[in-house]
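Below: a set of structures, written as structure tokens.
Okay, so chain A shows up in both of these, paired with chain B first and chain C after.
Showing the complex of A and B:
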């Protein structure tokens, strides 16, 4: 099972590596880079939202923090871009640590609310400070090399994906986190420290968002409070994860690809009706919760599993000559 | 500086009155159904726009529409509650999380619909009281009281007292309190949990929407105002303790005072940051709200 996963990862990774050779025009590369960015944001949201079961309505704050840290360090500090991106990720992680400490000790609802107000507060702060350029935003030096950003984004997102896969699906950390989602007091009774594990998961989810934000700032070369701290970033990451399937890493990836493709087509053909996009996002999320609470991937994998069990049952009934009625 | 202090206090209390009414229904709905409704600000927005259009259409005093708005949104809430109940009582997944996400989807739909229909502009609902104000002069102390804010405060008191009376004195209130304590046992005592929850949700949506009209009168209304009031409402409810109704007025006055002090003494842009810092400190010291009686 694990060997097959590694094989799949390698095939997809190589296919993505070869992508710029097949689609070399900047427009396709830009779309591919942005799709990768959304995959990264969705899987990082899923670590705290899906695996740990704590809905974070302020995930966009970490993205924005990463973007502004890179922007400030490059423009005011004159630092080189390769140094600023790790610092952006670390800053996001540090803020997650500080904020998560009081809020994650409580039930999920407090955390959701506190994080939302944190995101709004950061947006306000950036609007008011002078170092960030206030509402005018910041302009970074343009580096017009789409391949560079594509490979950088691919690198960061695949490193995040593989390390999160290892932590969540192979290592014991994933089991701990899931046990806290299912029953926190039960996990505590088994000798775990839920707060510590939740904070670890939260920091783990904030770091990729900060890194991606840092890359985004240099890639787009213009950031302002509305574009990097806007609600829409968190909203889209949440909708993608829930649509694809929470508590898995493949689900958010599928959800991000489908919704991003839809978004691109929507903006290409229906850009006059931009607010309609909000309604569609809301309808997708509400209908998914109502009809497919496990998302696309969760429902699909449950269906495949049930077929496997059925097949297994047939094999048993054939070998024992028994009727199929108990299976 | 010090001369402005009484005015700041007075303003804070008058603004706080409005915040009581945006949070009290929400706290009630949480206490009974344990639902965190992320669409609370959007209900306020939709109610404000209903009031705005009724006012444009009839040119009557907006306060006359309050019962109309309450009934219209009460009916919407009554019929929406079973849907929410189905999400919350789902077998799969974490119900609280699913409820949060579902109401988040509703909030997005409402916001998008609001922006589509009402546009991005800011409006205000005109009223006779909007322009009138009276002032008190004592020596070199000078206080201005806009009549509309005083009416807002009175409205908040009336709603709070009516709700308290309903909950503490009536049979319906007894049923609601029983339901908040134990859902199964209250069902055994002959209370219809589904219908009672629907009524509670209807009251919550109705009060929120009705307050929207008042906010449209005192401040302004636009399709984007929802998020701000959702945060304020959450702040009040969390500070009071989730589901603890008696704490709501004190937390609401605190929020009003923070806002008026920031407006007079500092930069009003820092209000949200101050709100977050206070929320953070309160959660750190007393996780169950200021009074430690939250859920």
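Showing the complex of A and C:
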């Protein structure tokens, strides 16, 4: 199973590496880069939202922080872009660490509200400060090389995906965060420190968002409070994750690709009706929650698992020859 | 003379004006099974929560192998060797039985692969191995109670706190659980058990501690305690002093 996953990842990764050779026009590359960006934002949201079960309505703040860190360091500090991106990621992680202590004590809607307000607070802060250019935003030097940004985004998102895959699906950390999601006080009796684990997950969720924000700033070369701190960034990442399947990494990836493809086509052919886009996004999320609560991938993998368990059950009943009374 | 596993030293826990546990002292020695009984609301579960770190005692101390552990968080006590079950079972319903037990094993075996090997051994021991790949939420009450014990055992505890692990089970399941508890004792674990079913307490316990309205009213061998006038009064409610 694990080996097959590695094989699939390698195939997809190589296919993506070759993509610019086939679709070399800037428009296609831009679409592909943005699709990768949404994959990164969705999987990183899922670390805290799906795996740890703390719905974060302020994930966009880490993206915005990353974008502004890169903007400020490049424009005011004169730093080179490659140095600013890691700093963008670390800053987002550090802020998650600080913010996590008070907010992660909250559960359910209260955590969601706290993070949503925090994201708004950051947006207001950036609007007021002069170093960020206030409402005018910041213009970064244009570096017109779509291939560079495509490969950079591919690299960062792939590294995030593989590290998160290792941590969440192979290492013990994934089980720890799941135990917190399932029953926090029950997990404590088994030696889990909920505060520590939640904060680790939160930092882990914020860092990729910060890195991606940093790349976004230089790629788009213009950032302002509305575009990088807007609710739509968080909302879209959440819808993609829920649509694809929370608590998995493949789910948000599928969700991001499908919804981003839809958005792009919608924008390209039906831009007269752009007001409908948010309505459709809302309808998609409502229908998913009602009819596919586990998302596309969650439903599909549950079906595959149930077939596996059926087989396992047959083997057991053949070998023991009796039905157990505990179930 | 070795230290007792647990020494509870005049522990009091108040909620507002209510003394849920009031000046309770007793100790548990290595290898003993102690039954903790008392009518509903006597403070048994509160005392459990104090020993396992969920509550900090308002006054008094709890010593575990000679060290004061009062007020230490549950996750630290779990790694030190206090395993507990919950009266209202707390499985991780969305995870498989195996993953539930692996999570408990992680406190002893941080590497996931080692933890998984250990989980299989413990599931074998408690007899839940054939349900390993089922979702914990899909188990019956008996299955979930057994899973609770399995998870507590996966911590490789020194002291096991069992909170009403047979309540709600049918007679056959009760017998199987008694057998399991005896198997746990044979592993040289020390056990504190809360139970309403007297058959269980009388069969298993070396000593019984009786609580009523938060205070300890009796302590001794099961037979002695059963004949203690104060205990009979607490359970049957004789109104001697009011008459």
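What we mean here is this: the second predicted complex is superposed on the first by the 306 of 327 C-alpha atoms of A that agree within 3 Å, B and C clash if a C-alpha of one lies under 4 Å from a C-alpha of the other, contacts with A are read in each partner's own complex, and residues count from 1 in each chain.
The working rule: a residue touches a chain if its C-beta (ideal position, glycine included) is under 8 Å from a C-beta of that chain, and two chains touch if they have at least 3 such contacts.
Here the structure is a predicted model, which means the values were calculated and not measured.
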item	value
Which of chain B and chain C A:186 touches, first, second, both or neither	second
Which superposed partner A:282 touches (first chain B, second chain C, both, neither)	first
Contacts of A:108 with chain B and chain C, given as first, second, both or neither	first
Touching partner for A:242 - first (chain B), second (chain C), both, neither	first
Chain B versus chain C as contact partner of A:175, first or second or both or neither	second
Partner chain(s) touched by A:226 [first = chain B, second = chain C, both, neither]	neither
Superposed model, chain A: greater residue contact from chain B or chain C	B
Partner chain(s) touched by A:270 [first = chain B, second = chain C, both, neither]	neither
Chain B versus chain C as contact partner of A:159, first or second or both or neither	neither
Touching both chain B and chain C, residues of chain A	181
Touching residues (chain side chain A, partner chain B) in the complex	53, 55, 57, 99, 101-103, 105-110, 112-114, 116-118, 120-121, 124-125, 127-128, 181, 231, 235, 238, 242, 246, 273, 275-287, 289-290, 293-294
Complex contact set, residues of chain C against chain A	52-54, 73-75, 78-79, 83-84, 86, 90-95, 99, 102-104, 106-107, 110-112, 115, 127-128, 130-131, 133-134, 138-140, 142-143, 146, 151-152, 154-155, 172-173
Residue ranges of chain B in contact with chain A within the complex	36, 38, 83, 86-87, 90, 92-94, 96-98, 100-102, 104-113, 115-116, 227, 230-231, 234-235, 238, 242, 267, 269-270, 272-273, 275-277, 279-280, 283-284, 287
Residue ranges of chain A touching chain C (in the complex, touch as defined)	170-172, 175-176, 178-179, 181-183, 185-194, 308-309, 312, 316, 320, 324-327
